[in-house]
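Below you'll find the structures, each written out as structure tokens.
You will see subunit A twice below: alongside subunit B first, and alongside subunit C after that.
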Partner chain A sequence: MPVLCSAKCGNNAILKRPKTGDALCKECFYWAFETEIHNTIDNGKLFKSGDKVAIGASGGKDSTVLAYVLKLLNERYNYGLQLFLLSIDEGITGYRDDSLETVKQNRDDYEMPLKILSYEELYGWTMDSIVAQIGRKNNCTFCGVFRRQALDRGAALLGVDCIATGHNADDIAETVLMNVLRGDIARLQRCTSAITSGEGSITRCKPLKYTYEKEIVMYAYFKRLVYFSTECVFAPNAYRGHARAYLKDLEKIRPSAIIDIIHSGERLQAKGTIKMPERRNCSRCGFVSSCEVCKACVLLEGLNRGMPKLGIGKSSKVRLQQAEVNRLKTRINF
Partner chain B sequence: MCSVNDDGYEDGEQFMPKTEIAVTEAAICKKCANNKGNVILRGKDVYCKVCFLASSTHKFRATLGKSKIVRPTDSILIAHSGKAGSTALLHLIKAGMHESVHKRLIFKTTVLHIDEGAVNGETLEERKSRINAICEQTQNLEFQGYITSLDQSISESEPNIHTMESLEICSHGDKMLTDLLNTLSNYTTKQELLHKLRQRLFVLVAKKLGCNKVFVGDNATDLAIRILSNISVGRGAHLPFDVGFIDNRCPDIMILRPMRDFTRKELVYYLNFNNLQIIHSPELTTKKDQYVSIQKLTEKFVTDLDLNFCGTVSTVLRTGDKLYTEVGNNSDNPCILCNMPLDTTVFDTEISAIQATMFSRFVSLQGPQRKYNTNDVSKIKINEQNEENRRKNDNCCSCNDTGCCSSNKSVKLSYKDVEKYLCYGCRLIFQDANSLNMLPPFMVNAVRDKMCLENMRQEISEFLL
Partner chain C sequence: MSSGDDGLHVIIEFGGGAELLFDKQKRHVVNLPADREWTLKLLLFWIRDNLLKERPELFLQGDTVRPGILVLVNDADWELLGQGEYRLQKGDTILFISTLHGG
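For the complex of A and B:
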């Protein structure tokens, strides 16, 4: 027997929402999905009228749906936003070159200007060449650190006010768990906020913060949105993978667990006595950093000097290593 | 986009190296550098039996001492389940009370065992033999012991307690307890409710026996598991109370966790070296697979992870120590089940998970036809407010008449009323209980009292300054 849509529109429902368990028809689901994102944007005050917004686009499902929905809501509710697509080309053959094709498709479909920045032009290294030098261990550290800064640089080039990223509820919940496992109290405090801004750094926001990954897939599926879904060829089986698997299992037991974890994360407070890292600007490149020299600069120097281990692992160990190298050098000079 | 390291971790630490355990047969104790090692801790440190036991005692004393909260004049209720943590706890306290010990422990102690046999479907014989074993253990260590059963936590009246020697089992409340648990549809909520009832009973018994502090045997591994599972069931706001050394949510009775620095492994070694036996009792999820409840899944997750990455337990525990709960404005209106400040306030100025979920429910029942453009959320609130007022008028009919509030049993309650007085985590326990008859009587009464107080407050609100 067909189930009726719980919005009482008279149509038969075609899906059950993972988030609330309600059965909805296609049209009512679209409306609910979009209106919820509007609610997050509106109540969270993510944008101001006239803002230029860059959407971090990878060609994956999250950023594709984000671009589609932002364009739609911008027109429906007159946000007055000017939207851009911003992509980072890490230089990973067989992964990024294919996904960039999807982004270009998005550019044409949604009529948004697209800016692609590559690691090669920013840093002189592609991920392929980095992996060739350092192997498959720790390569994601390079990629992650470089990407974060590359987005900042791209935003500066485009002159935008804000970067919107496709982080969904699952991602946020996973980050909460991850930060507990790592003991990272500072990030634990700020990882649940939908909008982050600081001096010297560009504002970042997450309009899909309360949207379940499953619903994003549903939306993309029924709307027939094209997206790219291949794992990165270098994706590691790392510590984060455990947190992801745990979260998926939790969701199986109780679907609301994802939003429950976000609730927990929002209400966690650090003791006043805990020392928090300060934000400042890198003395070399001028971008945001928590240290004198930012991680991207340290990693890059390691690569260029042929010491890629520099900046990976504990800084005290690296200092020892460096001292050793300097000692040897002076000895050779004698 | 690849989400690895999206959060800008600036070190390689998110890819922790697996701990390799490689210790040769003839390893020497790290501490005394003399004896042959007996145990390996943290996957690398070797200790001999003597040094291990000395460090265990030291660790216990340090945990108690550094808080400066336990006083010689204290009367302490020791919760003893028969499991590893509380068995070692009793033994450590006994050793600490010995005349020869420097800075001897001199507080007054009483042991309490809570009989939960009914929950786990044990026969009366099995329960009797377990209680017998616990009694023997307690007497051997020369403690005075009492027994009560978990159903005593549900009722409004003072709990019944018996001395251990009487070996009495009160089984007349069993049905009420099992009925209550059977109304809950899954093991996650059952385990949650059991835990809350247990905590409540500790406090009730402590009050009755005139104790001002309670010691519980929670160990580091248990607490790391509880941190993660509490976050997963929406109890993040109350973590410091649920896992910290001191739990002082009840102003006159503190619950302390003196075993919180011992891992499960250390406890097993400690018991082994001292020839102490633990008394096995099945738990609700024993012999069930890991997907039966969030707690069980988390236990598997944490223990597996700790096996491969030593230090997981202690990292998680230290993270918990750095958290803080504000017991400010809401302290006069705590959750009626867990007694913590309510974390369910929705602020107009910011978005929150609660608001987003409320909104999701709301839009799922509306269709695009009924055009709600903006201010949808304020509408939800208004709707709720209206409903609430309407119900109040319907139900608490005549508060102006004398006697209504004092004989408040007649007030009709709905689950919506109860929900208002529950914190986020406790709401989830009862989310699928739709009948009020199923709720523990103490909760229903608490709601009645609170509603009446609120009504009275409204009556006189014009004159309050």
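For the complex of A and C:
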């Protein structure tokens, strides 16, 4: 027995919305999906007319849907945006090299200029060579820190006003959980914002902030959007995977859990007496940082000095390691 | 798999990365034995025993699909159709899309 669309349009429903429980037909689903993203953009004032916007494009489902929908909404609501695709080539054989082909397809399909920047040209290291050096533990730390900065540099090269990323509601709920588990109050405050900007750093925004992963995949499927769907070859060890599995289990019991966690995260506030890290500029590369030297520079120094653990985990452990290296050096000098 | 005309012909498809568990083959035309009334739940176990090539825990969790895998019957969300209780009809297309890959 087919179920009728909750919008009473007379068509058969094709999807049950996880956020609301509504059963919608294809056309009503498209309308709801696109309008909600427009509302996120509109209410959060994510863009100004005339803005140049770089879409962080990986070739995956989220950024592919983001590029498609931003193009559509830009035309439908006259945002007046100039859209670009910005991709980072981390240098992961069998993963990013393939997915970049999808990004090139997006460039042609959506008629947007594409800029690809590689870790190799920015840092002198590919993720393949980093993993060869440090093993498969903690490699996602390197990749995440480097990608964030690489997107900033790419945006500067393109001369854009803002970077739009494909982070969806599931991603943000995961990040809220991870920041709670880590007790990272500074990130917990920032991670739910649809738009973040600071002095010296480019504005970033997340138009898919309230969009469920299920709906993104359904939208891509019904619209026949082509995206790349291979798990990163290095990913299975990542901490995020556990938060993700937990969140998916919660969603199964109560689908609104994802949006509920985001709303909880938005309402959390640190007491005025809590010390927050100061934002300043890295003394080496000049990018925004909460420390004297930014995380990317510390990680890079560790790699270049053959001490890749530098900048990962507890600083006390790194100090011990450094002391050990110094002790050995002293011995050799004797 | 039994053969003959009295079986239940259905099409099973995998996408979004779920096909990686099935030798990267996205489309499978199968003929289910006619000895029982087929529900989606029974089909899941049949897929595990007959089509799945690796890591069953990435496809099934308990007696349903792993959370994060979407199921569509003839392009409609199985959550509208009673999920595992849905009775398969001749010619149905059942699509499994993983949401867990990529990024």
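Basically, the second predicted complex is superposed on the first by the 314 of 334 C-alpha atoms of A that agree within 3 Å, B and C clash if a C-alpha of one lies under 4 Å from a C-alpha of the other, contacts with A are read in each partner's own complex, and residues count from 1 in each chain.
Throughout what follows, a contact is a pair of C-beta atoms (placed from the backbone, for glycine too) under 8 Å apart; a residue touches a chain by one contact, two chains touch by 3 or more.
Everything numeric in this text was worked out from a predicted model, so none of it was measured.
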Which holds for A:Ile274: it touches subunit B only (first), subunit C only (second), both, or neither?
first
Considering only the touch criterion stated at the top, classify A:Arg182 as touching first (subunit B), second (subunit C), both, or neither.
first
Subunit B versus subunit C, judged by how many residues of subunit A each one touches
B
Please work out whether A:Leu15 is in contact with subunit B alone, subunit C alone, both, or neither, and reply first, second, both or neither.
second
I'd like to know which partner A:Gly265 touches here: subunit B for first, subunit C for second, both or neither.
first
Once the structures are superposed on A, label A:Lys248 by its partner contacts, choosing first (subunit B), second (subunit C), both or neither.
second
Name the contact category of A:Lys61: first (subunit B only), second (subunit C only), both, or neither.
second
Please indicate which partner A:Cys143 is in contact with in the superposed arrangement: first for subunit B, second for subunit C, both, or neither.
first
Tell me which partner A:Val3 touches in the superposition: subunit B (first), subunit C (second), both or neither.
second
May I ask you to decide whether A:Leu225 touches subunit B, subunit C, both, or neither, giving the answer as first, second, both or neither?
neither
Could you tell me which stretches of subunit A are touched by subunit B in one complex and by subunit C in the other?
58, 60, 62, 232, 249, 252
Subunit C residues within the subunit A interface of the complex:
15-17, 20, 66-68, 70, 72, 75-77, 79-81, 97-103
Over in the complex, which subunit B residues touch subunit A? Could you list them?
1-16, 186, 188, 227-228, 230-237, 239, 290-291, 293-294, 297-298, 301, 305, 309, 312, 315-316, 318-319, 322-326, 343, 350-357, 359-361, 363-369, 372-374, 376-377, 424, 428
Given the complex with subunit C, which residues does subunit A contribute to the contact?
2-3, 12-16, 23, 58-62, 99, 213-214, 216-218, 221-222, 227-232, 244-245, 248-249, 251-252
List the residues on subunit A that touch subunit B in their complex, please.
5-9, 17, 19-20, 22, 24, 27-28, 30-32, 35-36, 39-40, 42-44, 56-58, 60, 62-63, 77, 88, 137-138, 140-141, 143-145, 147-148, 165-167, 171, 175-185, 187-188, 191, 194, 209-210, 232, 235-236, 238-240, 242, 246, 249-250, 252-254, 256-257, 259-272, 274, 290-291, 294-295, 312-315
